[in-house]
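Just below sit the structures, each encoded as structure tokens.
Both complexes shown next keep chain A, but they swap its partner, so chain B is in the first and chain C is in the second.
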Partner chain A sequence: MKSQANTNNKRTYTVALVLILISISIVLISLNTGSLQIAPLKVIQTLFGYGDYKSSLVLFEYRMPRILITMLGGIGLGISGAILQGLSRNPLADPGILGLHSGASFGLILFVTYFHSLDHHAAILIPLFTFLGGLLTAFIIILLAYDRIKGLLPIRLILTGIAVSAGFSAVTLFLSLRLDEETYTFASRWLVGNVWGRDWIHVMALFPWILILAPFAWSQSKSLNVLSLGDEVAAGLGISVQGQRLLLLATAVGLSCASVAMVGGIGFIGLVSPHLARRLVGPMYQNNLPVSGLIGMVILVLADTVGRSIFQPNAIPAGVIVAAIGAPYFLYLLIKSK
Partner chain B sequence: MLHNPFQKCVKDGSNKFLLLLLFIFVILGVLGSMILAISFGAKEVTFSSVLSAIFNFNPKLTEQQIIHELRFPRVICAAIVGAAFAVAGCLMQGVTRNPLADAGILGINAGAMFIVTLCFAFFPGIPYSLLMFFSFIGAVLSTLLIFIIGSSVPGGLTPIRLTISGAVIAALLHSLSAGVAIYFDLNQDLAFWYAGGVAGIKWDHLKVLVPVILITIICAITMGRSVSLISLGDDIGIGLGMNVTLIKVLSIIIAVILAGVSVSAVGSIGFIGLVIPHISRKLVGVDYRLIIPMSALLGSLLLIIADLGARTINPPRELAIGILVAFVGVPFFLYISRKTGRDL
Partner chain C sequence: MKKKLTILFSTMLLLLLSACGQTASNEAKSSKEQKAENKETRIASLSIHLTNDLLALGIKPIGSVVGGELKDFLPHVKDQLKDTKQLGPAKDPDMEALLELSPSVIYLDKEFGGQDVSKYEKIASTEVFNLDEGTWRDHLRSIGKLVNREQQAEKFIADYEKQTKEVRNLINNKLGEDSKVMAIRVTAKELRVFSTKRPMGPILFEDLGLKPANGIEDLESNQPYEVISQEVLPDFDAGAIFVVVNSDDDAQTAFKQLQESPIWKGLKAVKGNHVYVIPDQPWLDYSALGNKLAMDDAKEIFSK
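Right after this comes the complex of A and B.
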């Protein structure tokens, strides 16, 4: 048992190392692509402070913030999906499919309606609003999906999530149609999953959420392990089931909603990355959680780069590319799962 | 179900009169709401000018022109499309015995939307009848996709799983349509379409739309008897010597025609096909010969009122109809899914 845990740990380090190398190379490619091409060598030179004025301006003011946001968003979505799948013991759980993102979009539209400006210092508050919207949705979904006798049935959770998210999308559209055309276009693009944050202030708005919540989730991975075995087992092993579950749920909502505040309503990353992580490093959450965050990061940075560089002149939102890959995977899982 | 004393009367067949009265009442309701919807709007018109616009139209009066060129087409369109979506949902719920079936929820509308978006991107200015045909093709493709997924599981998918896979296919196709729209800069043209709207309808559209939908609905009504038998279970149909597969395929084709054609006119409006058949069943019992016409009437009524609401809540701007229908449909969907989930 012990030796197996050790080999699993070793495997995790290898996988994590490979993923980090992959993401570094994608980030270098991503920094290099755009309307102004900068050679990879020059990118590295500039990063270490030896670049000329033009390339450092482009890199540090335009590309870096966006890539950092994409990376952080991917980590947040991946970890959040892993937590949700563990909590609900449902391999199909995903913050987007469960309807949390539509709640987040509701929060975002409320913010846009009452605080108007999307840039400058007010932007730091956006994740807070999306988080509150997400919490509200999670609360409603659980309330509606809860059965007095059977408890929370995973498949009903998804069904309720679909319906609640349709309702919240209707309210969001209702609110956004009253806004001016520019804000409406922004909102509809956001809903598809458009990485829109591109200033340092947006990085600052997102960074603390990931910095605090991701390590916290990791520190709770032991109780996630136990909770994923079932309520009875967890209670028998001395875990306060309800309290832990609510805490972890709030963490997952915080991670995903803060991320989508900056990267747009991107679904399916939270579904795909935990599955890949489980395949790579096994079911233990100590290993699984960080790897799934890294995979989320790789997927999102890749999708954003592809969307920006291949489709010119109008970039395609990363969410579209992720959905094109993630939705078939979801259907495959749905058919396979019993 | 037998708690409803009215329905019991109808079921016993002891009171055909009540049933007739119910139909007359609903038909009057549809006509009344049409007249209401024609009279109210950004410019109020009097009832008498509505009547004179119908019976002796005078193109020189602005008021009559508004009625004739703007209000009539959209009210007629709302009525016909509402009926189409409702009957489509009715047939799907009947032959799949899935109480959650609806063209919007199962992703059929999204398939039609996707192809329509492609048409807008690659062939702008395509004639309407061709667009309608392509929209139908899109609906067929997404239906095929859903049924392939459904049949690739041994024993078939449960209603709830089918609903979930439909919702995911819808999410995928919506996302792809949005991608195409953004890439080709169609956002402004399509924004309203996503949520549905009957604002842009012209007489030219109706000339194609109305006959197609009416004929298809009549076909649906003639199939009512077979559909009611299938809704009781395949075994009963087979036992009575029916070709069950043929009837099922025909019903699904009719439903897909209705949904696809309607989407080409007004965009994707979900939940009508879910809500209306349930209400009709409560009113007239289990016989699809009655449920289908009743659903058609109630669907028209719902969409006419929803369109009226969309125009008058926040004038002069218009809301998308789909939003208003969703406000009714979502709670209903939750209620039905809860009931279905019990015997999971």
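Right after this comes the complex of A and C.
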């Protein structure tokens, strides 16, 4: 038993190292991607502060914030998906299915429909609205799924999530029909997941969430392990089931709402990353939680880079690429494991 | 496990290859562009309307944003902008492409870039224009001052006024002195009526001196248009209607349906045969050149 755990830990380190190496190379490629061509050597020069004015402007003002946001967003979505799957004991759970995305979309549509006059502060108001939209849905879902006697039941959580999400999507669709074409295009690009936060202010807004919540989630991985055994066993093992569940749910909501606010309604990452992580490092959360985050990061940065580079000049939203790359791979895994 | 890693790595390799291939093609493009550079002031315009003001003065910007829906330069000036680098839509301009051009001055529309001036200042000195203030004549004059072509600006304006007078006579002959007019736009989703604001307001009601139909002046003057339902069309009681129909099929169908409706057939303008379908460009391009070309179009319509 112990040696099993040890090999799993070792494996986690190897996998994490490989993932970090992959993401470093993708980031380097990503830093090289854009309308202005900078030689790879110059990129590295500039990173260390020896670049000319133009290349440092491009790297530090235009490309770096966007890459950091995709990295942080990917981590947030990956970890949040892993938490939600553990909490609900359902491998299909992800922030999208729980209705958090549709809440965020609702927030966005509300903003572009009724608060268009505040357009000049859009850079910071859109994340705020989407974040609040996500929180609102989470609040409604928890309220509806909460049973006075039994507490928060995982299966009710998912079913309520699906129902609430359908409701919010309907309102979003209704409101979006009344938008003019240009705003509609912007909104629909956002809805499929277009990384649009590109300034340092967005990095600053997202960073604290990930910095605090991701390690916190990791520190709670033992209770996630126990919770995934089922309520009775967990209670028997001395866990305050309801308290922990609410706490972890709040963590997942915070992570995904903050990420979605910056990178758009990207689904799938939250679903796929934990699955891949489980296959790579096993079901223990102290191993697969950080790996989920890393996988989420790799997927999103890769998707955003591909979307920006191959299809120039009409960049494709990262969410589309995620689905296009992720879905077939995910299906392949499912078929193989049968 | 190994298999999975292989797949992951091959995806990466694919990406790397594609990134390399793309580099080569881009470099080829940019070297061509450098040959075409002009020696004059290197102006980058972040507004399609400012671009067309510049063209009216005979200046070709080295880079310009494109029309948001068209994803290209406006059709009536596309020929003149062959050597101009496309900088993406005004709402989300390609900053890297702009930087690559190293312009000596950037012209900015306050509506789109007003809050990001400091970003542009880092690239080159930036002139901000508020297109909602004054008419295109004022914008043209202030550009003329900046590029030392004040005389050309004055001449352009004088020519325009002269032509406008002609067209005004033509229209009066056809519609009668007291006829009231309105302009609408048919899109796939909705019917819009243009207010007195730019783009349609100034050219119809100020330049051509036409009388706005009932209720046009009461529309919210902050918006270029207001969405209306077909039922209220008769309330405007317009003697002539200018119609802009979007080019997509859905909008064309919507217009056909509108034309067949009894409400439409009962309109005063329809009965008097005073419905004029005009193209969206140049009519909706509120710039010096756009208005001039719209006036050419009007002349053609009403001299028939």
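Everything below uses one rule, namely that the second predicted complex is superposed on the first by the 259 of 338 C-alpha atoms of A that agree within 3 Å, B and C clash if a C-alpha of one lies under 4 Å from a C-alpha of the other, contacts with A are read in each partner's own complex, and residues count from 1 in each chain.
In this text, contacts are C-beta pairs under 8 Å (C-beta built on N, C-alpha and C of every residue); 3 or more make two chains touch, one makes a residue touch a chain.
All values reported here derive from a predicted model rather than from experimental measurement.
> Which holds for A:L41: it touches chain B only (first), chain C only (second), both, or neither?
A:L41: touches no partner chain.
> For A:I162, decide between first (touching chain B), second (touching chain C), both and neither.
first
> Just chain B (first), just chain C (second), both, or neither: which does A:V192 touch?
first
> I'd like to know which partner A:L57 touches here: chain B for first, chain C for second, both or neither.
So A:L57 only meets chain C here.
> So, does A:V306 touch the first partner chain B, the second partner chain C, both, or neither?
second
> For chain A, which residues lie in the overlap of the chain B contacts and the chain C contacts?
The answer is residues 177, 181, 185, 314 of chain A.
> Any idea which chain A residues touch chain C in the complex?
The touching residues are 18, 22, 25-26, 29, 32-37, 54, 57-58, 61-62, 120-121, 123, 177, 180-182, 185-186, 276, 279-280, 302, 305-306, 309-310, 312-314, 325, 329.
> What does chain C use to touch chain A in their complex?
Answer in residue numbers: 1, 4-5, 7-8, 11-12, 15-16, 18-19, 22-23, 26-27, 30, 68-69, 71, 86, 88, 91, 94-97, 99-100, 102, 114-115, 119, 122-123, 187, 189.
> Where on chain A is chain B touching in the complex?
It comes out as residues 92, 97, 144, 147, 153, 155-156, 158-160, 162-164, 166-167, 169-170, 173-174, 177-178, 181, 184-185, 188-189, 191-193, 267, 311, 314, 316-317, 319-321, 323-324, 327-328, 330-331, 334-335.
> How about chain B: which of its residues touch chain A in the complex?
Residue list for chain B touching chain A: 149, 152-153, 160-161, 163-165, 167-169, 171-172, 175-176, 178-179, 182-185, 187-188, 191, 194-195, 270-271, 314, 317, 319-320, 322-323, 326-327, 329-331, 333-334, 337-338, 341-342, 344.
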